[in-house]
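There are structures below to look over.
There are two complexes below, and they share chain A, which is joined by chain B in the first and by chain C in the second.
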Partner chain A sequence: MKATIERATLLRCLSHVQSVVERRNTIPILSNVLIDADAGGSLKVMATDLDLQVTENMAAASVEMPGAITVSAHLLFDIARKLPEGSQVSLETADNRMAVKAGRSRFSLPTLPRDDFPVIVEGDLPTSFELPAKTLAELIDRTRFAISTEETRYYLNGIFLHVSDEDQPVLRAAATDGHRLARFTLPRPDGAEGMPDVIVPRKAVAELRKLLEESLDANVQIDLSASKIRFTMGGEGGVVLTSKLIDGTFPDYSRVIPTGNDKLLRIDPRSFYEAVDRVATIATEKTRAVKMSLETDKVTLSVSSPDNGTAAEELAADYGSDGFEIGFNANYLKDILGQIDGDTAELHLADAGAPTLIRKDDKSQALYVLMPMRV
Partner chain B sequence: MARDMSQIALPLAHRRAADPQRIVVGNANQTVIEALRAPAEWPFRTAILTGSARSGKSLLGRWFALEGKGDVVDSANTLDETDLFHRWNRAQEDGRPLLLISDAQPWEIALPDLRSRLGAALHLEIAAPDDAMVAGLMESLAEQRALVLGEGALTYLAPRAVRSFADIERLIATIDRLSLERKAPATLSIWRDALEAVQGAEQPKLL
Partner chain C sequence: MDHENPQSDAAEPANDGHSLEEESSGLRKIIHVDMDAFFASVEQRDNPELRGKPVAVGGAGGRGVVAAASYEARKFGVRSAMPSVTAKRLCPDLIFCKSHFETYREVSQQIRAIFRHFTPHVEPLSLDEAYLDVSDDLRGIGSATRIAQLIRKRIQEETQLTASAGVSYNKFLAKLASDQNKPDGLCVIRPGEGAAFVAALPVRRFHGIGPKGAEKMARLGIETGADLAAKDIKFLRSNFGSFADYLFRAARGIDLRPVRANRIRKSVGGERTFNEDISSGAALRDTLERIVDIVWERIENAKAEGRTITLKMKFNDFTQVTRARSLPRNVTDKDEFRSIGRALLEEMLPLPMPIRLMGLTLSNLAGSNTDGSGEKAAGPGRDVAQLSLL
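After this line comes the complex of A and B, so read on.
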């Protein structure tokens, strides 16, 4: 293989795929990217961790000799990063090495043969639909913070996607760590009917979100089966992310979304967020507990810590039900309030031990459920 | 200082069939299951099944009915005795085996005719589970909850748990809840705290 490519193009492409590659690998080839130059003048770059793979095409300045090879993803990325701006990078393979040349720099990198590079077998992906990249990005932003990181509950380690027939057909995304739950709803896109329920793993979500950032004005093509999902993004050359799905069953989360909470608190999410943040300065690292006292049109936040003293703050709010006290993890409350733009947030409460529903209003696509702390 | 506030977990549950995938067979129910397989041998083709709460009486009853071995009357002790007597008579006329499940033990029957008929029936009782069966039950309950119990859980828990069906179910539910509340895998500290929550501390604490 011999090809020449602009440094900026190479760097952008490697920055997309290299984060898929784990820093430590027991299988050496998983540290590598596959570079495949075709006679038509384009280069395909692919990275994988066996569960997730990203493929991107980039235009080469020239392809002198088609061929494919694999080299260390992080080495090549670091080299491309440090090469002078505007330089042309030549990649050439010979004798199990790949020579990287740009300006007066010369590198010779060890390689592994392309035939050893593992590729995820996608199989048949019978469900296909399109979503605007912006919508998909919002779906991820509104839910990913609630994804669990506790690995024995592997079925919570991702975003659950499913279709449902409510008043009208919808596509729903949900994530929970057992303490809070986030749900995002959108009208079911054409082609998503009959879609199997799937759980997209956390790492795939993070990589996808990063890739979306660069093609927010385009559409994303989504193809999936019960075991694999593929996202095809536009942009230059196109980026394809294929991921295995989590092989597990997501809990029946709709049962924990309260429907009969009769105490309604309306409050400005921004000033509420800031007040929670201020009083939580006192909270211990371990519990992050903040107590909320509700009275008519008033909320009093308080924190007390054996080591750090106490803090309290009063906030004006719209509240007309019986007064009571409830405790929340300040970070969880902030995570959710940070998601709500606009002047009001609705908190639907029942009692100090019951799930609380938080949303912007009854028309919002995003809905959050937060479990309190024992006061 | 008051005790620390602690996080409550969302009551997440998997959508699942009412019945488990399999029936755990062990010392407590083996003889019962053998008897249920051969209703032809029951005196007057009638049997009465008793056992403690959550011991699987209804589950065995549904299995018996599903196998087409005969008819089942669950919670028979709560039915009107005259109706039950008619039910017994009808089964005798049809020549159908009849399994009566009683939640009460002993089952006090006031109607003399019914008392004498049922006195002659085969009495089956689900006993207390031994350690092996306790371990089997824990495994099956954890599986139903998609709960990973952790290595060595059964060898630690089975000998320490009270050998009661209802308590074992509560114990596994508590382990599941604590692990979710603490966002931590179910390991020794959680098993220990769950045992303490369900059946009290093993030894009184010094302080």
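After this line comes the complex of A and C, so read on.
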């Protein structure tokens, strides 16, 4: 293989794929990226961790000799980063090495054969639909914070996607760690009808979100089966992310969404967020709980810690039901409030031991459920 | 058939009613499923002539022991782990049959597959019993009791065997419950009922209290759970040492141990009881050789790596001694395993008296937690104060 490519193109492409590659690998080839130069003048770069793979096509300045090889992802990325701006990078393989040349710099890197590079077998992906990248990005932003990191509950380690027939057909995304739940709803895109319920793993979600950032104005093509999902950004010659799906059953979460909470609190999410953040300064790792005392048109936040003393703050709010007290994990509350833009957030409460429903209003696509803490 | 040690992984009990409160929130839903007279039932299923008759699985002669007894045999007082000779005396018509471990294992796989249909949080205790944490109702079935019913139904349909199940909010109570209505029974201990249930129970029914323990308790005036609950922690500690914390909690129906889906194996080993006691060096070395073969195969099957080898001998007066040696690294191969076992044996020769049992174990396994603190990581993040959605 011999090809020449602009440093900026190479760098952008490697930055997309290299974060898929784990820093520590027991299987050497998983540290490498596959570089495949075709006679048509394009270069395909691919990285994998066996569960997730990202492929990007980039235009080469020239391909002198087609061929494919694998080389350390992080080494090549670090080299590309440090090469002078505007330089042309030549990649050439010979004798199990890859020579990287740019200006006066010369590198010779060890390689592994392309045939050893594992490629995820996608199989048949019968469900296909498109979503605007912006919508997909919002879906991720609104839900990913609630993904569980607890490995024993692996079926919660991702975003659950499913279609449902409510008043009108919808596509829903949900994530929960057992303490809070985030759900995002959008009209069902054409082609998504009959799709299997899937759980997209956390790492795939994170990589996808990064890739979306660069093409927010375009559409994303999504193809999936019950075991694999593929996201194609930028059409032909763009970036393709393929991931295995989590093989597990996501809990029937609809039953934990309260429907009869009759105490309604309306409050400015930003000032609420800031107040929670301020009083939580006192909270230690052990007592992350913030106590909320609700009275007519007033909320008092308080925290007390055996080590750090106490804190309290009063906030104006719109509240007309009976007064009571309820506790929440300050971070969980902030995570949710941080998702709500606009001047008002609605908190639908029942009592100090029951799930609280939080949303912007009854039209918002995003909905959150937060379980209280006993305080 | 349950070899777990209930005291080893329990949390420190509170000295007031606080821990009661933690438990009474009833956040968890635990099911204990136990097959009824498992080995014997499998034999009766596969051999119709045995149905309705007193059956014992195990060796009939010499030093054979009953591995399992059918309910018909239990009426005569035949129990598992009882010497076969005693069993035969209690029940002269007792039919002994050989064990078929391959079949038991197959059935065990079947029932575990059924458990996993309902939850990934399955902690098998042996081939025929397991704890399930169904706090997350993954199939949306609605209640743990309903899940237990479905499991029992499916076991019956798929294996033609019966199982009993106990449903409660912790492992200790779930296990007591599964024992309550045996065979083919179901018992539910709901939040708030645990302490009362335990109070009425003879202490012998408590997991971890055997005949000797019960005897000692009787001497101290403790017959029931209520008697035990009346003793304070100081009294229990001075009489039962490290077992006290477990007893204190058990008497109140409290047990915070999580269901551990991936129990970390702490050792791999095996032992043999001989038909006749042995003492000669040559016979001992021969025996060791056979045990090395068996144990090393198990080590390979388990892909275990460990660095401590322990040789155990039980003398014909039932006293036992162990000798252990630890390497700075893992034992690498069978030859090394054998030669260390051999060295441990040579150190103990000549024996003061003949032995009836020899055993060899590899422990200090790579990846296992010797201090037992694996607990914290395994707990499904259930903060005491943070309430759970699922």
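Keep in mind that, in the parts below, the second predicted complex is superposed on the first by the 373 of 375 C-alpha atoms of A that agree within 3 Å, B and C clash if a C-alpha of one lies under 4 Å from a C-alpha of the other, contacts with A are read in each partner's own complex, and residues count from 1 in each chain.
Keep in mind that, in the parts below, contacts are C-beta pairs under 8 Å (C-beta built on N, C-alpha and C of every residue); 3 or more make two chains touch, one makes a residue touch a chain.
Everything quoted here is computed from the prediction, not taken from an experiment.
J.: Look at where chain B and chain C land on chain A after superposing the complexes, then choose clash or fit.
T.: When both complexes are placed onto chain A, chain B and chain C end up clashing with one another.
J.: Would you check which partner chain A:Pro355 touches, where first means chain B only, second means chain C only, and both and neither mean what they say?
T.: A:Pro355: touches chain B and chain C.
J.: Quick one: is A:Ala289 in contact with chain B, with chain C, with both, or with neither? Answer first, second, both or neither.
T.: Both: A:Ala289 reaches chain B and chain C.
J.: So in the superposed three-chain picture, is A:Asn308 touching just chain B, just chain C, both, or none of them (first/second/both/neither)?
T.: It touches nothing on chain B or chain C.
J.: After lining up the shared chain so the two structures overlap, which partner does A:Thr249 touch, if you call chain B first and chain C second: first, second, both or neither?
T.: A:Thr249: touches chain B and chain C.
J.: If you stack the two complexes on chain A, which partner ends up touching A:Leu181: first (chain B), second (chain C), both, or neither?
T.: both
J.: With chain A superposed, which of the segments 79-87, 97-105, 115-123 or 169-177 in chain B collides sterically with chain C?
T.: The stretch that clashes with chain C is 169-177.
J.: Output the chain A positions appearing in both contact lists, the one against chain B and the one against chain C.
T.: 150, 152-153, 155, 176-181, 248-249, 251-253, 255-256, 289, 327, 329, 353, 355, 369, 371-375
J.: Per the contact definition, I'd like the list of chain A residues that touch chain C in the complex.
T.: Checking each residue of chain A against chain C gives 150, 152-155, 176-181, 248-253, 255-256, 289, 327, 329, 353, 355, 369, 371-375.
J.: Quick check: in the complex, which residue numbers of chain B touch chain A?
T.: 1, 4-15, 146, 148, 150, 179-181, 183-186
J.: Can you list the residues on chain C that touch chain A in the complex?
T.: It comes out as residues 25, 120-121, 136-140, 261-262, 378, 380-381, 383-390.
J.: Touching residues of chain A toward chain B in the complex: what are they?
T.: Touch list, chain A to chain B: 148-153, 155, 176-181, 248-249, 251-253, 255-256, 284, 286-287, 289, 291, 306, 327, 329, 353, 355, 369, 371-375.
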